[in-house]
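Everything below concerns the one structure shown next.
Which chain is which? They are A, B, C and D, in the order written, and residues in each are numbered from 1.
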Amino acid sequence: MISLDFHPAGRHFLQIPGPSPVPDRILRAISYPTIDHRGPEFGALGRKVLADIRKIFKTEHPVIIYPASGTGAWEAALSNTTSPGDTVLMYETGHFATLWKSMAQSLGLQPEFLGLSGIEGWRRGVQPDMIEARLREDGGHRIRAVCVVHNETSTGVTSDIAAVRRAIDAAGHPALLMVDTISGLASADYRHDEWGVDVTVSGSQKGLMLPPGISFNALSPKAIAASKEARMPRSFWRWDEIIEANKNGYWPYTPNTNLLYGLSEALDMILEEGLDNVFARHQRLGEATRRAVRAWGLEIQCADPAVYSPVLTGVMMPDGVDADAVRKRIYERFNMSLGQALGKMRGKMFRIGHLGDCNDLTLMATLSGCEMGLKLSGVPLQGSGVAAAMEYLTSHADTPVLKAAA
Amino acid sequence: MISLDFHPAGRHFLQIPGPSPVPDRILRAISYPTIDHRGPEFGALGRKVLADIRKIFKTEHPVIIYPASGTGAWEAALSNTTSPGDTVLMYETGHFATLWKSMAQSLGLQPEFLGLSGIEGWRRGVQPDMIEARLREDGGHRIRAVCVVHNETSTGVTSDIAAVRRAIDAAGHPALLMVDTISGLASADYRHDEWGVDVTVSGSQKGLMLPPGISFNALSPKAIAASKEARMPRSFWRWDEIIEANKNGYWPYTPNTNLLYGLSEALDMILEEGLDNVFARHQRLGEATRRAVRAWGLEIQCADPAVYSPVLTGVMMPDGVDADAVRKRIYERFNMSLGQALGKMRGKMFRIGHLGDCNDLTLMATLSGCEMGLKLSGVPLQGSGVAAAMEYLTSHADTPVLKAAA
Amino acid sequence: MISLDFHPAGRHFLQIPGPSPVPDRILRAISYPTIDHRGPEFGALGRKVLADIRKIFKTEHPVIIYPASGTGAWEAALSNTTSPGDTVLMYETGHFATLWKSMAQSLGLQPEFLGLSGIEGWRRGVQPDMIEARLREDGGHRIRAVCVVHNETSTGVTSDIAAVRRAIDAAGHPALLMVDTISGLASADYRHDEWGVDVTVSGSQKGLMLPPGISFNALSPKAIAASKEARMPRSFWRWDEIIEANKNGYWPYTPNTNLLYGLSEALDMILEEGLDNVFARHQRLGEATRRAVRAWGLEIQCADPAVYSPVLTGVMMPDGVDADAVRKRIYERFNMSLGQALGKMRGKMFRIGHLGDCNDLTLMATLSGCEMGLKLSGVPLQGSGVAAAMEYLTSHADTPVLKAAA
Amino acid sequence: MISLDFHPAGRHFLQIPGPSPVPDRILRAISYPTIDHRGPEFGALGRKVLADIRKIFKTEHPVIIYPASGTGAWEAALSNTTSPGDTVLMYETGHFATLWKSMAQSLGLQPEFLGLSGIEGWRRGVQPDMIEARLREDGGHRIRAVCVVHNETSTGVTSDIAAVRRAIDAAGHPALLMVDTISGLASADYRHDEWGVDVTVSGSQKGLMLPPGISFNALSPKAIAASKEARMPRSFWRWDEIIEANKNGYWPYTPNTNLLYGLSEALDMILEEGLDNVFARHQRLGEATRRAVRAWGLEIQCADPAVYSPVLTGVMMPDGVDADAVRKRIYERFNMSLGQALGKMRGKMFRIGHLGDCNDLTLMATLSGCEMGLKLSGVPLQGSGVAAAMEYLTSHADTPVLKAAA
C-alpha cells in the first residue's frame, strides 16, 4: 500500500463532517474474513443488522441497506418512487440539497427548487410555510414528492422535519416526504415514523462511524405502495427484491459483507451508549464549538439558533481571508483535516466536524488547531475560543461519562 | 459483533466462486483509518489505484471504480450506453447471464436472448456464429450492444471473447461489445483493448481477492462516445463526471475509501506475483480439480474442454442425489462453504471455487472435504479424486513457487 | 515492514508443533490499542484472565502469567524453588527435557538426568518406576524437585504425570513435582491439582493459540511455601510480588498488555468450545495423522501407543533420507512449515503439528502436502496416508461440529 | 474479549509516560499471522530488526532483544556482568532507580545507593562528581558497575550520561557503566558508543511506540568480556547464546514474533522521520508542556532546566491537593490517562507523557484536559497553560511537518 501518512508522527485529526473518525472497534470488525453471503452465518448477521438499524431510524418499517455509498441512496429514493417527467419539490438549504436537485434533473425529473434567495438560504433551515404555500397551489397534485435535507452537511444547518410534515398535511397534499439525513442520523435526533417521513436517505460514514460504502433508505408503507406504480427504470436500487430477500437476512445480490460487520459493531456501540446519550453528547460538543467561534469574533454560518447542527459548525471568514488557505495551513502544520466550503460558499468558510466518535478532548484538540491556524494565517481574533470552549465544557457535563467497569 | 463462527475451531474454508478468501495483507489494509476523501493523501491513493487497475484489465483507457457491488456495474454498463426501448443482444451462458438479461428488462430495454437450448446451453460457452448470424439479420442496426459473460460463475464455463469480437466485425455491425468478467478478472487471461471490448464489467470479490463492495467498468473510446448519446436516466452511474474527477485521483461523490486501501494492496500483490503467474496458478488448480472430479466418476458441468474455467468447477451429481444436501453436510461436518447451483441447475450440482488467494494445499483441503462429504452422503465414487489431484500437482509444478528471501 | 510472504499466493500452512496458527479473533484482539496497565480497565482485564486461566490448568491456586516466552517460565519454576547447588531429578524424554536440564546446570543446580538409553528414551514417556527407585535411594532427601515434561514437543510423546506423582508418594519423598506442559496445555488433558503437581510450566503459542510472548507457572501451596526458603538469586521471576499485585488484577511491573487481550480472547474461545471438546478434537486429529503415517509405511517416533501425543506426531524417515531436505522441499513447493527434528534426532524425522486452531480440512491439507513432498523427495511409500486419514475422519466424527446459529 | 472501553464514545488519550500510544501502522503489523521462528522468512525479519535497532542505540555492537518486558532487561544487564556479592554503585534519581537498586539486592548484589538527600534528589539528574568521588575512594576496584538512569520515568528528569562516563574515566576506575534509558530511547538523544556506555537497558513501550513485551540490552565489547567472568546464575538472560543465534537472524528460544513485526514497522517509521526530527519534536512538545505548567502557576518536578525530560513532565500539586484525585477526575470526566506519582512522590504530583506517537494537537488535547480537570478539582491556577502552549507552538515550528505526497 502506498504510505497514507504524509505527516511524520502522531495521529491525524479527521474533523471533517464525514467521513467521521472510525473507532478501533469498528476497524477491527471490518477486517474479519469475508464469509459466504448465502450461508447461515451471514443470515444471522443480516437479521441482526436489519433489526437494529430500525431502532436508529426509529421506524417499524423496512430499512434498505445498499452496498453503495450515500449518493446511491439518493438515487434509490427517487427512482423507486417516481416516473420520468414527474415533478418533485425540493428545497435549497445548501450544496447537498443542490446536488440532489441536479440528480433529479439527470434522472429526467422536473425538480422545482424552493428556498430563500442568496446566501441567506444557506444560513437557515427549510421554511415549511413556503412548502405549504407551493403545495396549496398544486391543485392537480402534480408534485410527486417533497425532498428536504435534515442536516445540511455543507452549512451546519438543520431543518424541522416534523414541521415540513405538518405543512404537507395542512395543504392536504398527497406528496411523499423524502428526507436526506445522511449526516444527521445517529448524531441528531431523528424519528422516521413519528415525523411521518416516507423515505429517509442516510449513509454510513457520519454518525454511524463507519467507512463510506453502505447507505440506507428507510421506508413508509405509502412509499412502498408508490414504488409499485413508479416507472423510473431501475434494477440495482429496486426495493421489492431486497425487501423480499431481507426477510431471511439475505440480499438479492452480493452485499458489502465487511462493512456489515462494521455496521453490526457500530449498532452495538450506539445502543450500548444509548441514542439519547449520543444526541446529548453531540449537542454539548456543538455548543462548545459555537462558543469558541463567537469568542474568536467570527460568524457561525447557521444564522438561526433554533436549527444549529449538532454535527458540524460552519465558520465564516472575515472578508478578504481565503478559508481554503487557512485550512491548508492547518492541515500541513497541525495534521488536521477540516471541511472545505462547497458551492456558493467556496473559500468563504470552513466546516468543523464534531460528530461520531468524538469526545471533549478530541474537540479541544480541534479547536486548538483552529485557533492556532487562524492566528498563523493572520486572521484577527477577538479572544480565545479554546478558553470559551473549556469554560463551557467544565460547566456543562453533569452526567457522568464513565461507565462502571465490568 | 455477533459471533461469526459457528464452528468450534479451525479456519473456515471459503471455496465458493466468490467472495474468494481475502488475504491477511488485504484485511489489514482495509482496516486503516478512513481519511478525508478530498485531501492530498487520498488523491495519491486514487491516482495509484486508477493507474494500476488498467494493467489488470489490459487497457489504456479509463476504468471506472464504483463504490457499489458488482450488480451495480452491470447497471452502469447498460445505463451509460443505451436509451429506453433499445434492443440489446444477450447470450445465455448461465444464471448470471440470465440475471443480466432480467436487469435489462427492468431498465426498459428489449433484450434478445440467444443461446443453445436447455441445459446444454449452460454447459458450453458463447457460440460466436449464432451472434454473427443474428447481427447479419439486423440490417437496420437496431441492436445497440452485444452482452456476453466471459466467465459464467454459475457453471464454470468461459467464453472466447476475441471470437465474439470477430463475429461482430464479420457482420459489419456497429453494436457495442459489453462483457461481464466479474469472476474472471485477475484469474483468467483477459485483454480489454486487444479483444476490442467496449465495456468490461467486473467486481472486487473474486480474482482481486477483496471483500465485495467495489466494482468496475473498463471503457473504450467508442463506449465513451456512445454515453454522450444515451438517454437512459442515470446519475450515480454516470461515467462523465467520474472520469473528470478521476483525473486528479478523486471521485465526484464519496468513494469507498477503505476498500480502495484494499484494492491498492491487492494490485501490489498481483503485480508482484505477475499476472501471467497468477493465470498459470489458476490453470493448474483448475486442472487438478477436474482430474479429481473425473476420478470420482462424476461429470464436470462444462462440456467443452476448450472453455473450462480456471476459476471454478461445476460438479454434477448423479441422478437422485440432492447436491444441496451434500453441500450442507460438508458445511456442517467440515467447515467448508461450496457454491450452490443456481437457476436451472438448482440441486443438480455444486460449484468448487479455486480462485484468488488459493494454493495447492488449500485445494487439497477442499478436494478432501468434497471427497469425504460425498462418501458420507452415500454418493458412489469410482476412485479417489484426492489421489488424482495429488498425482497431477506433483507432476505439474515446474515453476518454482518460492520467492527468494529479501 | 519487510514482506513476510515469500510465496506468491495462498495461505501459509503453519504445521509446526508451535507456534500454532493464531486464529483471526485473536489476531484482532492483540491489535487493540494498548491501555494504561495501572488503570481500572486493565484491572478488569487482569482479573478476568487470572480467573479463567485457572480453569485451563484445572487449579484453584495461583497461576503466574509472565510477560516473557516459555523458556523464561522454566527458569521461573527453578529459581523460585531451589537454592544454588541443589539437586534436581530430571527425566530425559527428548530435546526439551535436555534443554531444561542444561538450564538447571546454567543456574548452578545439580541435575541428575534419568532416562532410557539411546534413541529409545526419546520414543517413550517417563518411566515412573525409575523415578521411584531413585527417590527411594535418596534417604537424605537431597533431591529438591522432580522435573518432567508432559508433552515432549521434540518427539510427540506424552508422559503419565499422575503416575509420576504416585511414584514420588510411594517413595515417601518430599520432592516437588515440576512439570513442563508448554505444548500440552489446552490440547491434551491436564489436571494440575488432581495430579498433585507443584509447579506447571506452560506457554502461549501452542494450545492457547496465541503468538509467543507470555508464559505460565501454575503453583501449589507447597511450591509457594518452598519459594519462601529458596535462595536462588531472582527478581523478575519472583512469585511473591506478582501474587500480591495479581490480587487486584495488576502486575508489579509492566505486563504484556496486548498479548493479554489475546489471552482473554483465547480463553473465551476455548471455554466456549469446552475443554473436553478441545481434547477430543486433538485426539481425533492425532489418530488420523498416525493412520496416515502407518499407511505410508513410515514409523511413528513415539513407540508406545499409550502415550501418543494429541499435539504433534514425529515421522521417522527411512535410512538414508534427509528429513530436512524433505521439509525444505515441502516448504518451498507447498508453502507449509513442518517441525525440524532436534538434538539426537536431527535429520532423521520431521514433526507434524496438529494442535490449536486446526480442523479436519487443515489436517488433510497438511497430510496431502506431506504425501506429495515425500513422493517428490523419492521416499518410497507403501500406500496413501491421505486416504487412510480420510477413511478415519469419515468414520469417526460422531459429534456434530456445527454450533447452532445465534 | 471483555469490553476494554468503559467510556461511552471517543478516543482514549493515553498520556502516561509509557506505554505510549501505539500507532495504527504498528497495531496492524503486530496482527500479522505468526510464522515459524526457525524458517527463512523469520531469519530475514530477524536480520532486519537486529541491524536497524543498532541505529537507534547508535552502536556498532550487538543489541540483545529479549522476549520479555523492560524489568527483565534490567535483570539481564546485572546478571550477565556480575557475580553474587558484587558491589554496584547505583544513583537515586527516582522511583525506577530505586526499583533497580532493589532488584540488585534481590539478586544478591551489594548496591551502594548515592544521591542527593530527600525530595531534592528526585528533582535533579545524576551528579557525576559524587560518582567520581566515590570511585576514587574505591582503590581496590570492588565496584563492579556504575548504574544510572538516563530518563527517570518517575520524575521527568534526565541525566548527563557522557558526564558520568567522564567521571568514571577521571577516577581511573574500571567499573562498567550501565544505563537505563527504558523511557528515553528514540525520544531523547542517546549515543551508546560515543558516550562509552557498556550496557544500555531499554524497552519497547515508550519511544519505540510498541506495546510492552520486548526489551533490550545494548552491549560494549567490555561488557561482553565481563559476561565471560560473571558468575551470577542465569540462563534465559544469557547474552552469549543469543549473540550466536542472532548472527543468522534467529534466537536460541522462541522469540516474541508478533512484537518483532511491530518493531520492524516502528524502526521504519522512526528512520523515515529521521532520529533528529524525532528528538526535535519531543523537545518542542516538552517545552510547550512546561510553559503550560508555569502559566498555571504550578511547579515542574524537575528543578534543573538543563535536564528537563523531553519525554514526560512531572507537575507538582499545591499543598493539600491530592494529585491522584485530580488524575481520577480527569480520567473519568475526560477519558485521559495521566501518570501517577510513584514512591516518595505519591499523591504529590502527576506525570504528563508527551512521547512517541504524539503531535501538537494530541498535546493540546492533553493540556486542555489537565487544565479543565485542575479547575474542576478546585486547584487555583494563575493563568491558562493552554494559551501559553498555543503561543509557544505557533511561534516555534519552523520546520515543515508535512511530507511531500508520493
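As a convention for this text, contacts are C-beta pairs under 8 Å (C-beta built on N, C-alpha and C of every residue); 3 or more make two chains touch, one makes a residue touch a chain.
In UniProt terms, the chains line up like this: A, B, C, D = Aminotransferase class V-fold PLP-dependent enzyme.
Just so it is clear, the model here is predicted, and its values are computed rather than measured.
Trainee: Between chain pairs B-D and B-C, which one is joined by a greater number of C-beta pairs in contact?
Mentor: B-C
Trainee: Give the label of the chain whose average Cα location is farthest from that of subunit D.
Mentor: That would be chain B.
Trainee: Measuring from the mean C-alpha position of subunit C to the mean C-alpha position of subunit D, what distance in angstrom results?
Mentor: 34
Trainee: With centres defined as the mean C-alpha position, give me the subunit B-subunit C separation in Å.
Mentor: A distance of 44 Å separates the two centres.
Trainee: Nearest whole angstrom, what separates the Cα centre of subunit B from the Cα centre of subunit D?
Mentor: Chain centroid spacing, subunit B to subunit D, equals 53 Å.
Trainee: What are the residues of subunit C that contact at least two other chains?
Mentor: Touching at least two other chains: 2, 5-6, 21, 28, 31-33, 40-41, 44, 331, 405-406.
Trainee: Note which residues of subunit D are touching subunit B in the complex, please.
Mentor: Checking each residue of subunit D against subunit B gives 24, 28, 31-33, 40-41, 43-44, 48, 405-406.
Trainee: State the interface residues of subunit D toward subunit A in the complex, per the touch definition above.
Mentor: Against subunit A, subunit D makes touches at 2-3, 5-11, 13, 21, 23, 25, 269, 272-273, 277-278, 281, 331-336, 357-362, 364-366, 368-369, 371-372, 375-376, 384, 386-387, 390, 393-394, 397, 400-406.
Trainee: Where on subunit B is subunit A touching in the complex?
Mentor: Subunit B reaches subunit A through residues 1-2, 4-6, 12, 14, 16, 18-19, 21-22, 27-41, 44-45, 48, 66-72, 74-75, 79, 84, 102-103, 106-108, 203, 205, 211-213, 232-236, 238, 253-259, 261, 264-265, 268, 331, 337, 340.
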